[in-house]
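These notes open a run of structures that come right after.
Here come two complexes built around subunit A, the first alongside subunit B, the second alongside subunit C.
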Partner chain A sequence: MSDRIKEGVIKVVCETLKVDEADVTLESRFVDDLGADSLKSLELVAGFEEEFDIEMEEEAALSVKTVGDAVTFISKVVKEQHG
Partner chain B sequence: MKLVIFEDQSFDNFYPLTYLRPVFELRCGATLLMEKMRRLHPGAEAVYFMRAALRDTFLQRYPGARVNDLDAIRSDDCLFANGRLLLAATALPGGPSAVCMAGDQVAFARADKATLNSGAAAQAATLEDLLAVLKGLPQADLPADAHMIGYPWDLVHHNADAIRADFAAAGKRGVEGQKALQAVIYGDPERVYIAPGAEIHPLAVIDVKGGPVTIDAGAEVHPFTRIEGPTYIGKKTILFGAKVREGTSIGPMCRIGGEVEESIVHGCSNKYHDGFLGHAYVCEWVNLGALTTNSDLKNDYTNVEVYVKGQLTDTGMNKVGSFIGDHTKTSIGVLFNTGTVVGMMTNVVNTGGICPKLIPSFCLHYGKPMKGFGFKSMVDTARISMSRRKAVMTEADLELLKYAFEIAKPERDAMIKKARKG
Partner chain C sequence: MDLIQKYKDIVRGRGLRVVYPEGNDERLIRAAAECVRENLARPTLLGKPDEIAQKAREAGVALNGVQVLDPGASDKVTGYAELYVKGRDDMSVKVAARLVRKPFAFGAMMLKAGDADLFVGGATVPTAIVIQAASLCAGFEPGISTPSSFFLMDCPQAGPGGAKQMLYADCAINISPNARELAEIAVCTARTAKSLLGREPKTALLSFSTHGSASHADAEKVIEATKLAREMAPGFVFDGELQLDSAISPKVAAKKCPDSPIAGQADVFIFPDLDAGNIAYKLTQYFGGAKAIGPILQGFAKPASDLSRGASVEDVVSATAILGVMAGKGT
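Moving on to the complex of A and B:
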């Protein structure tokens, strides 16, 4: 798992959901722990796409539940789209 | 004689209204453009030409219609009518073979069987090729009361006159449905038609001083509704204390409240609550949330510009509202700027400000366009809203939605990407 991607994901999560970095772990669940509603989830997807210059398939991206899973998912997409 | 109603290459001037229907199936007045053509040429058998992707859903709506059938038209004399023609009370003129041009497009042409089966016309492999040949025929004139519709706002602009013409052509007057004693017809009762099964509740006012009003079969007009003619209220539509201003056409099975002025609601759409809709065209399966409002007049009274094919276009008019595609939903309190184009199957969520003048199709607009919950989720929502009217999305409907998604995708993706960078 790339540290750069982990840092980028946490940065977007903190900016979008207005949470402190100290409260975000890889196990944090977007909805249950970080308070993301459906619109915030869409903003997170848009934020990740902007941060990493990637395009994610909407339904797959929205099915990701935790910060750690997002890092894994985005790492895969970054590898596919940027090598 | 065959009446050949065809789309020309201008169908995309009308996006998003024409993603799911041919141009001639757009509404103006009480009826669709194609219905006026058929009404004025009653002896002719209709043959329709449209984009191939629209064929199956069109046939669902008009079973047995002849669609994109070039062979059918060579067996008869034909009257070719551009689908953008708005006819009023006058039929297209008869006579020897001739053509009427509107710019570089055929407005209408008449050609006898011999003309169609001789020379270059006989060799034409497509309708477009055939029309190119017919452009060489002697010139004919458009009836004085006919218009070629070029853009969506033209439909709205001509709507009041089209309602008057449709009312006159239908020739129906009086109350065949139920009108409560405490409901008022203000003006000449000969300018009202309340169809069988329609119901006008107490404390509704139908003001026909400015023009005729038709309340079609099964419609309900609830208390505190005021309708100003010319207006058409479609079959099984319900008005909930609405202020319906002059020049408004509401298609079948709509739920309308708040204030609507000089607008066309194609059918099966909801604007249940307060909020203003003016000089707008709203397609099917749209839901406008409470207090959704569009501007139709700029504060400096200058001409309104509207996005057509990605370019701002001067409408030449100072009253132009919104053009809203099929299956689009708005949240409470959405504010549309003057002359806004809202794509189809888009979810517009209020963020407190006025929306931009172009909102792409198939997105979620939350301050800026985003991808939203995905195509499958949009289709699932559409199935639910259709089921509320006991309609079922067929495989053909779904295929057409997929086609529209692909057509709209480049603009949508570009706008989403641009919004991210902004």
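Moving on to the complex of A and C:
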């Protein structure tokens, strides 16, 4: 799990959900801990796509529950799409 | 006459533009061709043109009159992204462009931008995806912030109050609506009923209590929702809290609630929660022999609805006709 992806994910999470970086950990759950409603998840996905220049599949992205899940999921997509 | 046939006749020739975001699904391709053949709507299929053309060839379907649009390559993306972030300073156009080039969001932005009148999708994804895209991109109808769903119940015979075709809500989406949400569901469903039933609806907010016969927080919620619904839409008839028999039987109503403006003639039923709504529509369907059409989503600025994953071509065409009739609804 690269630090660059972790930092990028946290940056997008803070910007999109308007939360403080200090409140975000890999264990943070988007809905229960960070106050993301289901609508915000579409904007989060768009933010991640722009940050890492990737394409994420909507339905698969919906299964991501925590910040750590997002880092793992995005690491995999980045590897697939950028080698 | 069959209700769906009636709706097809209403929308035929009106030139309504429908977008199907799942353009490379064979069912949607066939439905689009059917809409053109029957002159029900002008369809747009979203997806890669070569893939859609290939699928259409394999299915033996001609795409004459069907617009095929690839959201990823569309020159509309920047305009839609700008429209999406309008009035917001917390999102860049570049991020918004990532969002609106996804087919469901793109289709919903077509509604918002006035490039489409109806949105029918969800044959390959969970309902949540359709609700997300329509809520975020198309927005809600005036005064509404809760998307909901209804069933159109077509019964073999009229009930004691005369209703044969009725709307039930919410039977599929909102699990435990509060008073405000329940009021919104009531208002939306009354508006929908006006267009689909073609008459002034009588909307009953149902409970286990009639006009204070029982005292409980759950009945209070329905009383409050009735008050809010009347404030939100004073042109419609709402009454609650009512037991089902007080809502549908003039005889019972005369006894239990003689001052009810519905007088036992309700044709729109608003259930206090999803348990009640979901159970009621299945009871009506299985014991009453009613045809249950739905669930259809409502509450968006323009008609947008979900399909079940098992939807047939005919289901897609029927949903398109129903949404087409809803597009003409007044507020």
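Everything below uses one rule, namely that the second predicted complex is superposed on the first by the 83 of 83 C-alpha atoms of A that agree within 3 Å, B and C clash if a C-alpha of one lies under 4 Å from a C-alpha of the other, contacts with A are read in each partner's own complex, and residues count from 1 in each chain.
What we mean here is this: a contact is a pair of C-beta atoms (placed from the backbone, for glycine too) under 8 Å apart; a residue touches a chain by one contact, two chains touch by 3 or more.
All of these numbers come straight from a predicted model, not from anything done at the bench.
Asks: Looking at the overlay, does A:E80 come into contact with subunit B only (first), subunit C only (second), both, or neither?
Replies: So A:E80 meets neither subunit B nor subunit C here.
Asks: Regarding the shared-chain residue A:L42, is it in contact with subunit B (first), subunit C (second), both, or neither?
Replies: Both: A:L42 reaches subunit B and subunit C.
Asks: Of the two partner chains, subunit B (first) and subunit C (second), which one does A:D3 touch, if any: first, second, both, or neither?
Replies: neither
Asks: After superposition on the shared chain, which partner residues are touched by A:K18: those of subunit B (first), subunit C (second), both, or neither?
Replies: second
Asks: Is subunit A touched at more residues by subunit B or by subunit C?
Replies: It is C that touches the greater number of subunit A residues.
Asks: Looking at the overlay, does A:E58 come into contact with subunit B only (first), subunit C only (second), both, or neither?
Replies: A:E58 sits against subunit B and subunit C alike.
Asks: Just subunit B (first), just subunit C (second), both, or neither: which does A:E50 touch?
Replies: Touch status of A:E50: both partners.
Asks: Determine where on subunit A the residues touched by subunit B overlap those touched by subunit C, and list them.
Replies: 38-39, 42-43, 45-46, 49-50, 58-59, 62
Asks: Looking at the complex, which residues from subunit A come into contact with subunit B?
Replies: Those in contact with subunit B are residues 38-39, 42-43, 45-46, 49-50, 57-59, 62.
Asks: In the complex formed with subunit C, which residues of subunit A make contact?
Replies: 15-16, 18, 38-39, 41-43, 45-47, 49-50, 58-59, 62
Asks: Which of the residues in subunit C end up touching subunit A in this complex?
Replies: 90-92, 94-96, 98-99, 102, 104-105, 125-126, 128-129, 131-133, 135-136
Asks: For the complex, which residues does subunit B have touching subunit A?
Replies: Touching subunit A: residues 349, 364, 366, 370-377, 416, 420-421 of subunit B.
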